[in-house]
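Chain lettering (A, B, C and D) follows the sequence in which the chains are written, and residue indices restart at 1 in each chain.
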Amino acid sequence: MMIMNKKLSKEEFFKKREEIRSHWPTGADERLEFEKAVALLKSVPDSKNFAKKLRFAKEHDLTMIQPRAGVALVDQHIELMQFLEKHGKADFLPSTIDSYTRQNRYSHAEDAIKQSLKQKRSMLNGFPAVNHGIDGCHKVFENVNVPLQARHGTPDARLLSEIIHASGWTSNEGGGISYNIPYAKNISLEDTIRYWQYCDRLVGLYAEEGIELNREPFGPLTGTLVPPSISHTIAIIEAILAAEQGVKNITVGYGQCGNITQDVAALQTLDSLTNYYLKIFGYDDVFVTTVMHQWMGGFPSDEAEAMSLISLGATVATLGNATKIITKSPHESQGIPTKEANAEGLRASKLMTRMLKTQRYPSDDVLKAEKEMIEKEVKTLLYATLNIGKGDFAQGVIQAFKHGILDIPFAPSEMNHGKILPARDLRGNIRILEFGNLPFDDEIKRFHKDALEARGKAEGRPVSFKMTIDDIYAVSQGILVGNSEYKEPSL
Amino acid sequence: MYTVVIGVIGADVHAVGNKIIDHVLKEHGFNVVNIGVLSSQEDFINAAIETDAKAILVSSLYGHGELDCKYMKENMVEAGLSHVKLYVGGNIVVGKQDFTEVEERFKKMGFDRVYPPGTNIEHAVGDIKEDLADA
Amino acid sequence: MMIMNKKLSKEEFFKKREEIRSHWPTGADERLEFEKAVALLKSVPDSKNFAKKLRFAKEHDLTMIQPRAGVALVDQHIELMQFLEKHGKADFLPSTIDSYTRQNRYSHAEDAIKQSLKQKRSMLNGFPAVNHGIDGCHKVFENVNVPLQARHGTPDARLLSEIIHASGWTSNEGGGISYNIPYAKNISLEDTIRYWQYCDRLVGLYAEEGIELNREPFGPLTGTLVPPSISHTIAIIEAILAAEQGVKNITVGYGQCGNITQDVAALQTLDSLTNYYLKIFGYDDVFVTTVMHQWMGGFPSDEAEAMSLISLGATVATLGNATKIITKSPHESQGIPTKEANAEGLRASKLMTRMLKTQRYPSDDVLKAEKEMIEKEVKTLLYATLNIGKGDFAQGVIQAFKHGILDIPFAPSEMNHGKILPARDLRGNIRILEFGNLPFDDEIKRFHKDALEARGKAEGRPVSFKMTIDDIYAVSQGILVGNSEYKEPSL
Amino acid sequence: MYTVVIGVIGADVHAVGNKIIDHVLKEHGFNVVNIGVLSSQEDFINAAIETDAKAILVSSLYGHGELDCKYMKENMVEAGLSHVKLYVGGNIVVGKQDFTEVEERFKKMGFDRVYPPGTNIEHAVGDIKEDLADA
């Protein structure tokens, strides 16, 4: 059957569900029975409900903070969570899932759990939630005081989603595009959209029972020079796909680009455009919040520099009125952070959100122009996708990626065209150097070209892929606009 | 013109470094066989056999490098690739660890050279050329 | 003789000089003979000349960084300087002078040097430059590669200034007001203006020999909720007093207030107003640069929070186009930083100046209004000072402080009226709650009152000194606008 | 209503904390004798004698506290003030040092209580009241 953006029937859903529960022994847990899970979720207090706390944050105009974190073993994971809550003042807790689980390699994960026990250190880069099952996941839930979310990168997260929600975790990150193209090599979009329709429908079914859960498409994609209009378009499409399945509480995301004005423009439009298009396409009762990810590309190795970059992220997120920030740590360039380093990133971010709480970013013509351009580009991409999908967003996505109408820079997936190239302009805004098949009109293309040509002129070199490479390295070297040929002037 | 196999091992999807290594090594005249992300030891070994490569450059970013690289050297020897140089780089272990210890662990596992996080590939090119000239 | 803003004659100067050189044995050093000092200063390369490097920075639109640092013993001090240059990437080096020297208690300093030798740790909070004499100071100069400046807080810095310049240090911080009112209890302004006329004349005499040295009035004053118009006015007056004595290269300063818009407005007007009034009052050939001091009030004790605050300081300084930043360290709330902590503050700051190098802060009506208000207030204060001084700024300052026309919040000096009280408005801008005798017109007063009343309303409490106290504590508690009665909303 | 002497010792001009301590102690009903910044040991002792104070609160922020407070207790005893409580607070030593060690050093020097950097004076008020009620 051709996949369409259409709500799964209960019948279909529950049939599929049986199969999915058989993927790994923990799926057989009887607490996964729908009524039992409903009962448990109903008992979750508001203060531990992700969706409700996000509503609270938006109402009070707060920018909240959340780290990434996860280790192999349950007790250590709980210790980690408690530490980040207490010493990091985290408003929301994650559980970052390990990469074997993300690829559904549960037996690999099982081995690694054993190795971790033996070696007394986490051999996994995250928390293997499926292997630990409801036993482990619910224990985590019981031992923290703030809402929990699974953060991963799993193309097929159906069993994972079932287990975490039935354990009281009230948010799930991901989406059929955002957890495929940056996270897989040759899984079809057809498959991942189907998988994520399932995850969304699950949340929709809980919603029908009066339980509000949050869903969060993964905004930053490859985290590497992604133009805002591209990540926005994908966030909006995933929001629409989720809304169709009955999701009522959605957080759309964006990865900090580095130019403050572009970042503020992006955050403001992310909120307004998502709300706008959800309504346009008939989803009237979805509550939308935004999340900004602190710099997602290569980090500087120096910890003081990393702290500064983290602070800049918190600055723009707060000035841009993001509802939530995903924080980084001073260990980012090196490896999974210790809990102490993780908490440092949190505390630095928290200070900034509180210092800037009542401050606003001035709106001038440059900001307005940036926003208009994002709006125009998103509109173009969105309607081109809808068009090629003959009015259906699910089909549209599949066709759009096939033809490069949607294209994500540096993605590993073979489903991605991989023809566009971004580069920064003189002020550090991310612009597009090679458009591939992006369906942009001449005005948009001229805007990008002019910006890059101005840079080429100033740097005395042609606009080329060398700029892109320089820009990829730049931030890890402590600058925003890269130029490997540049010599700093000196006295 | 040396042939080298590059790729990202295990369940790892970090693609950016891989694309850059590809670009830079080609610029330096290497014949690059890029097997991309999510590659198994077998994929590396098969590619090296098929292309008669002189070296394998394993990237591992995501933290499971130590698990994924286990017995790789042994498997290469078994496949008749004992003469092929074996390098690894990226963020090859979980967390911020003392690199000299990490290097030692991987050298014991049979890796000829081990590169710390954030190594600029330009800086490694010299090492590789030298090793392959010697060999 | 009544003190006036008038250039000291060479005769007067050199007569005084003999006496000053007798204040402490190191003053007898023959390298203090004017011609010898001129010869030495002429041999200083441009890269180690503070004035020239500042010109370079302004030409290239760079924001440079400088720490505070100083320890008791010469060799340790050199080690410290070298560390900050190498590991902190400091563009300029300081030598912060200890507090005994600042009070001319050279024999106390001598004791402390001995104690430091014995205890093997610095018992002084800075470098006792007078005690170490040219021997020590020149050794420091020879062992670094960037320009050196004495930073202190010394009401009578005449001998100190002689020694440091004759040792190749090409900048001196201070001024007759800024190194009196925040740094002394009962030294008259008459005296300190006279002392600093001497220090400025010394720089002027070197200028006559073709040697460009930099002078930097101390901008932040008490560092505690100082309204920008007050610190600007004092900076401009000190610039005028220095220019009269022949100083040609002046850096005016400002301490970060915490609201980004107010900070940017302050930095932009500091530059424009200083240039404007120097010209108005007949000093046409003075080269002006600006320095922003990262948050000068009580710091948060947590190091991660401190790093975030430091980063915010670097952000506004760069967006506001300051020529230089005086950096803080994560140890700020605890004590004099280790060299490592000091370098962390520097590196965090450097990253930010480089990341934001080509970025600009948007100008909207709020920013414009803020700038206009600062301009109006400065004009009022400046002309009232001139007026009460019957056309002379030196006399004006003395009279203005006596009558509270100039008034610095929280200053220890008995010369200060101490009648004004600042507090923040809702967005964190520093406003004035009690005007004392500030000669502001109704429009200005209304502006401040309205802003504070809006806060009072929002906080449901009367506008009062309690706000001021809360605001003094606020930043060290990680917020900008203090409210001890406030309970954070929770779910 | 207890009389207490407050001030900032040595060549120290940090005035902000002193003004706040003044304000808060008065709010709590103390009779505050504030000798301000740049005060010598003698200034403290004379003020305590003149006003028959029950306690001296020394502030030292700038780092020379250890030098400035040397023999202060001995000097008080000599002046007949052995019954007067002696407190110190602020940033009383140079640099970030382990506070328990610092506290010990100052206690050995005869200080009854020693407060770490950034102590909110509100929190110390209780201690002082308690000590003076006991005395």
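Here, contacts are C-beta pairs under 8 Å (C-beta built on N, C-alpha and C of every residue); 3 or more make two chains touch, one makes a residue touch a chain.
What you see is a predicted model; the values in this text were computed from it and never measured.
Student: Quick check on the contact network: minimum steps from chain B to chain C?
Tutor: The fewest steps needed to get from chain B to chain C is 2.
Student: What whole-Å value do you get for the distance between chain A and chain B if each is reduced to the mean of its CA atoms?
Tutor: Taking the average C-alpha coordinate of chain A and of chain B, the gap between them is 30 Å.
Student: Using mean C-alpha positions as chain centres, tell me how far chain B is from chain D in Å, no decimals.
Tutor: 65
Student: With chain centres taken as the means of their Cα atoms, state the distance from chain A to chain D in Å.
Tutor: Comparing mean C-alpha positions, chain D is 54 Å from chain A.
Student: At which residue positions does chain B touch at least two other chains?
Tutor: Within chain B, no residue touches at least two other chains.
Student: In chain A, what residues contact two or more other chains?
Tutor: none
Student: Hey, how would you classify the chain contact layout here, line, ring, star, complete or other?
Tutor: Basically the chains just string along in a line.
Student: Spell out all pairs of chains that touch, sorted by label.
Tutor: All touching pairs, sorted by chain label, are A-B, A-C, C-D.
Student: Per the contact definition, I'd like the list of chain A residues that touch chain C in the complex.
Tutor: Touch list, chain A to chain C: 46-47, 52-53, 56, 60, 258-261, 300, 302-305, 307-312, 314-315, 319, 343-352, 354-364, 366-367, 426-428, 475, 478-481, 489-491.
Student: What part of chain D is in contact with chain C in the complex they form?
Tutor: 10-16, 19-20, 23, 36-38, 62-64, 66-67, 91, 93-97, 117-118, 120
Student: Report the residues of chain C in contact with chain D in the complex, numbered from low to high.
Tutor: Going through chain C, the ones touching chain D are 98-100, 102-103, 105, 108, 111-112, 115, 121-125, 153, 182-185, 222, 224, 297-298, 301, 331, 333-338, 341, 410-412, 465, 469, 472-473, 476.
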